[in-house]
Amino acid sequence: MLRRPVDPIEVNAKKTASTILDEMCLTAFQARALGEIVKIWRKMLAEKHILIWLGLAGAMTPAGMRKIIGFLIERRMVDVLVTTGANIYHDLYEAFGGRHYRKTCGLKDETLKVEGVNRIYDVLVEENKLCKLDAWIEKDFAEKLTDGYPYSSREIIHLLGECVSSSKKNDGGILASAYQAEVPVFAPALPDSSIGFSLMYANRRRGRNIVVNGSKDVEESVRITEDSSITGVVYVGGGVPKNFIQQTAVIASYQTKRDRSHKYAVQVTMDRPFWGGLSGSTLEEGKSWGKISTSAKVATCYMDASIALPLIAHALAEEKVNRKMAPPISLEQP
Amino acid sequence: MLRRPVDPIEVNAKKTASTILDEMCLTAFQARALGEIVKIWRKMLAEKHILIWLGLAGAMTPAGMRKIIGFLIERRMVDVLVTTGANIYHDLYEAFGGRHYRKTCGLKDETLKVEGVNRIYDVLVEENKLCKLDAWIEKDFAEKLTDGYPYSSREIIHLLGECVSSSKKNDGGILASAYQAEVPVFAPALPDSSIGFSLMYANRRRGRNIVVNGSKDVEESVRITEDSSITGVVYVGGGVPKNFIQQTAVIASYQTKRDRSHKYAVQVTMDRPFWGGLSGSTLEEGKSWGKISTSAKVATCYMDASIALPLIAHALAEEKVNRKMAPPISLEQP
Amino acid sequence: MLRRPVDPIEVNAKKTASTILDEMCLTAFQARALGEIVKIWRKMLAEKHILIWLGLAGAMTPAGMRKIIGFLIERRMVDVLVTTGANIYHDLYEAFGGRHYRKTCGLKDETLKVEGVNRIYDVLVEENKLCKLDAWIEKDFAEKLTDGYPYSSREIIHLLGECVSSSKKNDGGILASAYQAEVPVFAPALPDSSIGFSLMYANRRRGRNIVVNGSKDVEESVRITEDSSITGVVYVGGGVPKNFIQQTAVIASYQTKRDRSHKYAVQVTMDRPFWGGLSGSTLEEGKSWGKISTSAKVATCYMDASIALPLIAHALAEEKVNRKMAPPISLEQP
Amino acid sequence: MLRRPVDPIEVNAKKTASTILDEMCLTAFQARALGEIVKIWRKMLAEKHILIWLGLAGAMTPAGMRKIIGFLIERRMVDVLVTTGANIYHDLYEAFGGRHYRKTCGLKDETLKVEGVNRIYDVLVEENKLCKLDAWIEKDFAEKLTDGYPYSSREIIHLLGECVSSSKKNDGGILASAYQAEVPVFAPALPDSSIGFSLMYANRRRGRNIVVNGSKDVEESVRITEDSSITGVVYVGGGVPKNFIQQTAVIASYQTKRDRSHKYAVQVTMDRPFWGGLSGSTLEEGKSWGKISTSAKVATCYMDASIALPLIAHALAEEKVNRKMAPPISLEQP
């Protein structure tokens, strides 16, 4: 019980992220938790036959985190991504040259509205530029889709990735990296995003009949967990992405009559268990449901993802990882 | 600036919730915010031609809040509900006689797993009973659905409400109350819930072809906001329900070339603006997007919904509200 | 394990706070926690020989909570109060007729500064009126104090209570109620408040030598816990008040060679355990130190005190409590 | 308004903390806030005549942060420290060779109590070793103190620093570094800590008359702000340390009839403004009181200090700072 002392961190210049996070493992509170996340993620990467899910909520693309996600995908530090429609939409926007801006002025939201500028906490974006992207989705992109075909969100995102990759070299964002690395990306609530809204417009104003079939997302994702020897999960934020990945384990276990609970699990969140919601629930709670293995290595760090993601990614970047041989995901493309 | 003094609350026995919350309006911090929410909600109820959206995230049904939502629906204090698949699923479970239990023991999640008991923070539920409900959805309920028909979540929930209402009198829960009061209920991420999983099983194991078309949810919900003179919103938690309702205003405005931003907006949340996500974003931020009217009356209270909901509902219960004449929602049933 | 079902709350008009909080005991999440706090506090009040400590941090007086604290003191629902200098100072200000104001305008802090108005979140107060009170403390009140005498904060607060009580009838605030009910009030960090600053001015500008002896606070408070058969604690917020009360148990146990850990403990806080600080630490953690009895009944509710205090106080108000016979506190007055 | 784009962070190996934090300045949410803190602290260090206050709450010493504070003191990146008695006490404990341990076992607090092990979140410490330190303070250290002399906490901490420094070389902790760098350290609530408790024992059990005069702390600290050309503040957590430093500006302004508000202000906290307390209050709120200059450069980052401190310290470590010429603090030693 008293064999592992806290080692006070000593400051010397020029430490890399990896070194600092390793040292944090020997401290306490959330610093230790952050260090543990890197340690467990490294263990996942050292597993021969593992499939790593990444659940990504929050407005990570507008916050400047899209190339970090791109990096994790390219280096195959994750094998499947589940995220929000918004993260995909804003990634598309930047892939096409759009920019988000840092709010530094004291302008009120009422004034921003008049100026046609939308706000995401301390980030600004021009409404009319978003509208142009919406129009492109409604008309140009929608032409790539077949009426009546029940698309999973993954299929639509794959086609968006194709557009981004054909028009330019991989810019290191989410869509392009995932397309090139053949990493499937799900956005189970895609209809509830500007991509979904634009496709709805296509139906309503252009007589199209585009169907986004949520059942197919579930079916495909469960198949991935079923087909994997073992799985690990990384949750950045909660929401639908976390629930969706958690559930694949429950359903796959039920379906295959074998224990398919996730064997590694780490999460970064600012939510709390106390309100009883899934987003803030502990990984331990997931064990009672068979979502997380009762013997899983787990770590939760309570901190803002905009700080955690760069730190973790840079710490992992120093690894010699070669996971190009990661298990292929057997999903046909649309 | 210095005309409205803080009035210290004086304690006397037998005050009702309504009185206490009124007095909180004259105090400060979150107490005042809670009082303001009731005040604004009352103003909404006094409007002649208003449609009130309720966005409900979190595990409110397992926490014992389903009859409060039922009450708000029955008394037509809300006109449309947007929630999670889980809240609907657990409401269905209780409507069929299932119970959730208060965790009072110190048992670990590993032990709960062995015992076949699932945990939601301090609530327990038997796994095999949930599995029976899953089987009913997969087989019996699915038989009510037509293969290939692109269902909105609202249509599926309507049919579930029908099942609940035919088997017994209105038990005061969400499904039964909404069915009887003809209040539409959306769960835009329905596929990512045990209802969606069971329907996916029906497809996979029983050769069915059930399609849950997310685009239709968006289309229907936008139509509701378009068809309303004015709209007000109540957000309990964030997630997809909040985003979904916020967006109806943006799309409806775009579609009709008129300002359809929400004119009243209140929210109860334990999330924070600081992480930049939609769930914790301020109602003011919504103004920059045209989601919330720049002249809207708004209030946000940072507190757990399990406490806020009973207090607010009891405070509203003392109102003489008769909104049976609330604008009919022009959505055909499946 | 599955014997105690969650009972969904049913809404009917005219429920009192007590009824609602009782019903919350049968729900979940923080609602249950809030109900449990009332239940445990009632148990404390039913104990024959118990001394109840109240630790009160935060800006509760400016928020309009001073008469609630006054009520708890008058009805002897607490026997000793430990709080911040600020809560005492602002209570003194209101006892002398000063008012705090609700901020409803959008004025910026830079403008408030120019206007001579100080802000406490959404509460405003006039700087020059505070300065008058400071001058009264520095000159008039200081004249009641003896140079060189090592005052405990309790003694100073007792003398302030005397001033308030002689000048007018008990206005139901903290100082007056405590003075009349002979409930000791400590503010261990009193020097770090406007009262302390004004006394320091007296020393510096008026050649006084007023000594606020922190050691005496510790000595007196430990004696209280030592002299009590059993003790219970109520923490509203953390900070010095919580630590101070927690420590009396450790020291009294050490001193008397008997277990004097607190036998009941409830807390309301918006802090969290995750950052490792004392303010947000769990009551369970306190057990490892012998601060809280390992067999203690405990409950923690994560919510804003400005909402919790009125609810709890009104729920308790319906009790038939007669604790005038509460153990006398054997502290001599200055 | 739209001139400063968000620059997505690109991952490449071997970046130092300084580079990552600089890049965060071009992102959003709390990452940008963290970057801004470093930027503002660097600006403070570049000022010729500035005095930098550090307010440090929380259990930073047990968490392994004492050498980081030591580093900031040694390199004179702070000129005065205000902290809790606990941070000093645990620093003393480690300076004398004591260790804190990482909790990795699942033992319950009831068991820890039986084993004589105290818990601070995920840190453990042996009770009997703490008791030995208490005994040393009560007897050996107290012998250095003069009965009846009204000590400020700073004077007592200075004497503790002397003990630590004479017995061994500077171990890089808080006490030793501050002693050698002649950086004053205040713990205004010192009596409410194990140091204060032990001194109280000395009075009670050994017939001593040790006086810890809180008024003197205030007097000395105000003098420091008065005597400085300009001041900057760094708050790690809130509590008494933050309030104490904030107030020096108000009092010094009042006393000197000149604006002595702090000209730079940064804070790291996990508290929130919404509850109205001083700990979580915004730096903007401080402007209305004249605590922070209306023209001050400010930044607040909402994150756990155990992560923020190492990152910030390493980012600053790459600076070429030579502040040995920092303004001497004119306080006589006891």
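Per-chain residue numbering starts at 1, and chain names A, B, C and D are given in the order in which the chains are listed.
In this section, contacts are C-beta pairs under 8 Å (C-beta built on N, C-alpha and C of every residue); 3 or more make two chains touch, one makes a residue touch a chain.
All values reported here derive from a predicted model rather than from experimental measurement.
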{"item": "Lowest number of touching-chain links that must be crossed from chain A to chain C", "value": "1"}
{"item": "Most distant chain from chain D by Cα centroid", "value": "B"}
{"item": "Chain B and chain D: spacing of chain centres that average the CA atoms, whole Å", "value": "45"}
{"item": "Centre distance in Å when chain C and chain D are each reduced to the mean of their C-alpha atoms", "value": "26"}
{"item": "Centroid distance [mean C-alpha coordinates] between chain D and chain A, Å", "value": "37"}
{"item": "Multi-partner residues of chain D (each touching 2 or more other chains)", "value": "28-30, 62-63, 117, 120-123, 272, 274-276, 302, 304, 306"}
{"item": "Interfacial residue positions of chain C with respect to chain B in the complex", "value": "1-17, 20, 23-24, 26-32, 34, 62-68, 71, 94, 99-105, 107, 115, 117, 120-124, 126, 172-173, 302-304, 306-307, 310-311, 313-314, 317-318"}
{"item": "Parts of chain D lying in touch with chain C, wherever the complex brings them together", "value": "57-59, 62-63, 86, 108-110, 112-113, 117-123, 127, 131, 150, 188-193, 196-197, 199-201, 203-204, 210-215, 217-219, 222, 237, 239-240, 243-244, 247, 250-251, 254-255, 270-279, 281, 284-290, 294, 304-306"}
{"item": "In the complex with chain C, residue positions of chain A that touch it", "value": "28-30, 272, 274-276, 302"}
